[in-house]
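Same chain, two partners: subunit A is paired with subunit B first, then with subunit C.
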Partner chain A sequence: MEKNYHVCTGCGLLCDDIEVESEKNIINKVYTACRVGVAHMKEGKEEAIFRVDNKPVNEETAISEAASILKNAKNPLIFGLGTSTSETHKLAIELARKTNATLDDTSSFCLGSLVEALIHNKIKTCTLDDVRNKADVIIFWGADPSDSHPRHLSKYSYFPRGSEKQRGWEEERTAIAIDIRKSHTAKICGNYFFQIPPGGDTEFIDALIAGLSGKLPKTSYNYPPKKILELANILKGAKFGIVFAGLGLIYSLENLEPLFRLMKALNEKANFHLVPMVGHYNMRGFNENLFAETGYVNSVKFENDIVKHGPEYSIVESLKAKTVDAALIIGSDPLSSLPRSIAKNLFEIPVISMDPCETLTSRNAKVYINTAISGVEAGGTATRMDGTKVSFKPVVETNHPSDEAILKKIMEAL
Partner chain B sequence: MTNAMELYQMLPKTNCKKCGKTSCMAFAVALMARELTPDDCPPLKDEPKYREGYEKISGLFKPSEGATETGLVVHEDLCFGCGNCVVACPVNVANDPYGVGSGNAPKNINKLILTIENGIVKAQNVGECRRFGKNKILCNGCIVTCPVEAIEFV
Partner chain C sequence: MDFGSFLTVPEIKVKVVTYRDIFQDKAMIENRFGEEYRDRSAVIKLDPADLKQLSVKKGDTVILKNSFGRVVVRAEESGYETSHRGIAYMPNSPWSNILVSDETGGTGVPKFKDISVTVTSAKGEKVTEPGF
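Now for the complex of A and B:
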């Protein structure tokens, strides 16, 4: 019997083997998904909500208000889109072109630079299915998938049997965690947990490169050289190694140069790949879609058919410099995630929030449009953390409009 | 957890055979294997001088009352459904190599011991567990792979 599997859009892993029991468009039971996925699938609300100035209105009023905000703005900011489908991304890029907007997503203060390096083929990468089938040495660097992507270890990276790794994790795989604290993932890695001080990643990388070429690894924080040499020996023996680079690693590096050095050194001795631990389910998709349109992965400003790019067009810098005069926030909550000193500038400009959930941003927005949860109430395509395209259909029917439908209507109203 | 010798120390040690076993040591071993309960020893239960031992032994077995036959307890408040135990369990892998054994959704859910339902691990068919039955071994696949110690054997 062929079962009807759904895709979970709870995180960047996009698990495609979820079974759902639903009745009258309400999801009752979810099988195989983790707790994050179950909460994500069940968060749908009954009534669609549209609000202007915190007063309930109908759909047309909300859309015309949103359109007039965008029309009157000289330099609106369009931000978010990590939890939207690729189809929505294309519309958002078109809308940004039309309104001469600044367009950015969370990757500008997240893993954007790493995804850009992967798009430019600066680092060797592979798919998660390759990891399951072949990987023998797995490094979680500055990442804790047990908490951020709960099924990462069980579905792909460590525990499952693969076509070339049939004896499983006990005999054929080595999981290594490099982190500043003993995370849940580090606990599973047991003796192969390497605890480094915050900000110590660059030095650890250089020590590891020294260890790989047989030199004495030195660090200013006196990490036991014996342990680094032990790690270097394991890495040298890898037939198919994989580094899962998390935010902990990227935030600690000033630029990606040390990481390039490490991957080069590793690939001289062994065979190593890298996959970024993307959090939002389609952040990598946004980077790739924007790159296809403009040649940049994030932080762009459209100005009469010219595309400008630079850190000054990222959400953080543009809010700091107060260069934007309106904001359209799609599926994101910058008021909660950005530092207060920067987020407070959002109070000074009219904000349109499109989100399936009530967030701090949506409660303080001038216009709030309650959209469908993509992947649960709306279908589309997305890009998994390893670059694989995944398409999905809605699990239940809803009266909530999708991001895509709302953006289309806003563009028509413009 | 305790061992048979510790349980024996708390028993009357009279080898009265009222429980049906040949000695108090045999009774202690049966207690460990959950074949008998402390209530099956009449002197221990009824005679006041063994009261202290009876209470101690009963207290020891209290946490396992709610457990399944193999002593498997899932702490639902801790579990977040990562599925590590489901994929690592040797019985699960043997019965469903291309489903859960390969990290995917179960293909034959009826034969599995551990499954994930609503984001929390659920135990079924515990009779299949390697810790159960005559040829039991101290398998700990589901315990060592759990990041949050949500699975316990009592």
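Now for the complex of A and C:
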């Protein structure tokens, strides 16, 4: 019997082995996905909703209102897109060009700098399939995939029997967690959990580098040198090592230099790769797509034919400085995910929210367009957290317009 | 000496470490305005000794306050075997984001993982609603 597998767009892992049972375009059962994936696949609502000023309107009215907001703005902000397809990204970039917009995504305040370093080949990387097949030493640093990417350990990083790792985790893999908190992933790592104090990552990196070259590893928080030396010894013996870098690590570093130092030191003694723990299913794709168009991964401002770039064009700084005068938010909920002290400035400008679900942002938007769930109700392509391209077809049909279709219409209406 | 005991309402300072939780994420996807999401998000997990100092029982509400905001959430015991007085854990959510500083040093990156608050008993006050 031929099976029909679907892709789950519930997180950056983009699992491609999902089976569903559906009837009349409603998904009733989801197999193989994790708890988050199942909830995501079943998210679909019945009716399409369009609102202006919190009153229901038809699609045409919502589009024309959205277009007029963008037209009247001098510097609109276009933000989000981490849960949109790469096809949608290209349209959003074109729209930003046309409207002289500031364009940014969540990567400007999470893993964008790391993805940029990978695009510039500053760090050796590999695919998740390589990890499954070959990895013998796996480090989760400031990352807790058991909660953020629930099938990470079972599908790729620890439990599977890979082609060159037939004896599996019991004999052939060592999983290590370095974190400020004993996360679920840290529990799996057992004795290889290294708990450091908040903000202690840079020092731990340098102590580890000292340990790798046989020097006495020192930290101001007196981490037992013996434990660091033990860790250094395990890392030195790695034939195929991998560092999964999470937000916990990145937020603790002032810049990426310590991480570059560590990867260099690791690769002098062993063979180490790094993959960022990208959360949204196509954030990495957005970084790549914007880079291909502009040479930057996020935080850009289009002005006639030039592209400016810098932190002042990130969502956070442009809201803080109140330099943007309207916002088109695609598949994101900054009113929930940004510090309230910054997000509240969104109340001062007209906001267009395109989202498959009701959020604080959608409820407070001037225009709300309830879009199809990308990956469940609309197809396209995306980049997995490890850089692998994945394409997918819609699992069910819907009367919700895709964000791609809406952007096209807004562009026509401009 | 236990300084808190001289005040009418004991108050402690804690550093809040935020994290993600799969059950909370699932509840968010199902309904961001639902009870389950609120129950799983509006929580702070404290060291049992800190709870005791606050004269707060697990499940009671507490007020978290700093110069950026004020929020009422439920207090729980962390369940970690090693003591971590002065450090508390909160799932990342609109509730924790009320307490995040707007200082970024121009980098575009808020200090999501660097939150300091004072904690006091909320004396039965209800958990903060997620809206604005």
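What we mean here is this: the second predicted complex is superposed on the first by the 414 of 414 C-alpha atoms of A that agree within 3 Å, B and C clash if a C-alpha of one lies under 4 Å from a C-alpha of the other, contacts with A are read in each partner's own complex, and residues count from 1 in each chain.
One rule holds for everything that comes next: a contact is a pair of C-beta atoms (placed from the backbone, for glycine too) under 8 Å apart; a residue touches a chain by one contact, two chains touch by 3 or more.
Note that the coordinates shown come from a computational prediction; the quantities given were computed from them, not determined experimentally.
In the superposition on chain A, A:Tyr5 contacts subunit B only, with no contact to subunit C. Contacts of A:Ile180 after superposition: subunit C is touched, whereas subunit B is not reached.
Residue contacts after overlaying the shared chain place A:Ser146 against subunit B and subunit C alike. In the superposition on chain A, contact of A:Glu268 is made with neither subunit B nor subunit C. When the two complexes are overlaid on their common chain A, residue A:Tyr251 makes contact with subunit C while staying clear of subunit B.
In the superposition on chain A, no contact is made by A:Glu303 with either subunit B or subunit C. When the two structures are aligned on the shared chain, A:Tyr31 is found in touch with subunit B, with no touch to subunit C.
In the superposition on chain A, contact of A:Gly168 is made with subunit B only, not with subunit C. Counting the residues of subunit A touched by each of subunit B and subunit C gives the higher count for C. Of the two partner chains, neither subunit B nor subunit C is touched by A:Glu397.
Common to the subunit B and subunit C interfaces on subunit A are residues 34-36, 38-39, 146-147, 150. Interface residues of subunit B facing subunit A in the complex, by the touch rule stated above, are 79-84, 86-88, 93, 97, 101-106, 115-120, 145, 147-148. Residue ranges on subunit A touching subunit C, taken from their complex, read 10, 34-36, 38-40, 43, 108-109, 144, 146-148, 150, 180-183, 195, 198-199, 247-248, 251-252, 299, 311-312, 314-317, 320, 333, 335-344, 347, 357-360, 363-364. By the touch rule above, subunit A contacts subunit B in their complex via residues 3, 5, 17-19, 29-39, 132, 146-147, 150-151, 153-156, 159-162, 168-169, 184-185, 187-188. Of all residues in subunit C, those touching subunit A in their complex are 15, 17, 19-23, 25-26, 29-30, 32-33, 68-69, 80, 82, 87, 89, 93-94, 97-98, 100-102, 104, 106-114, 130-132.
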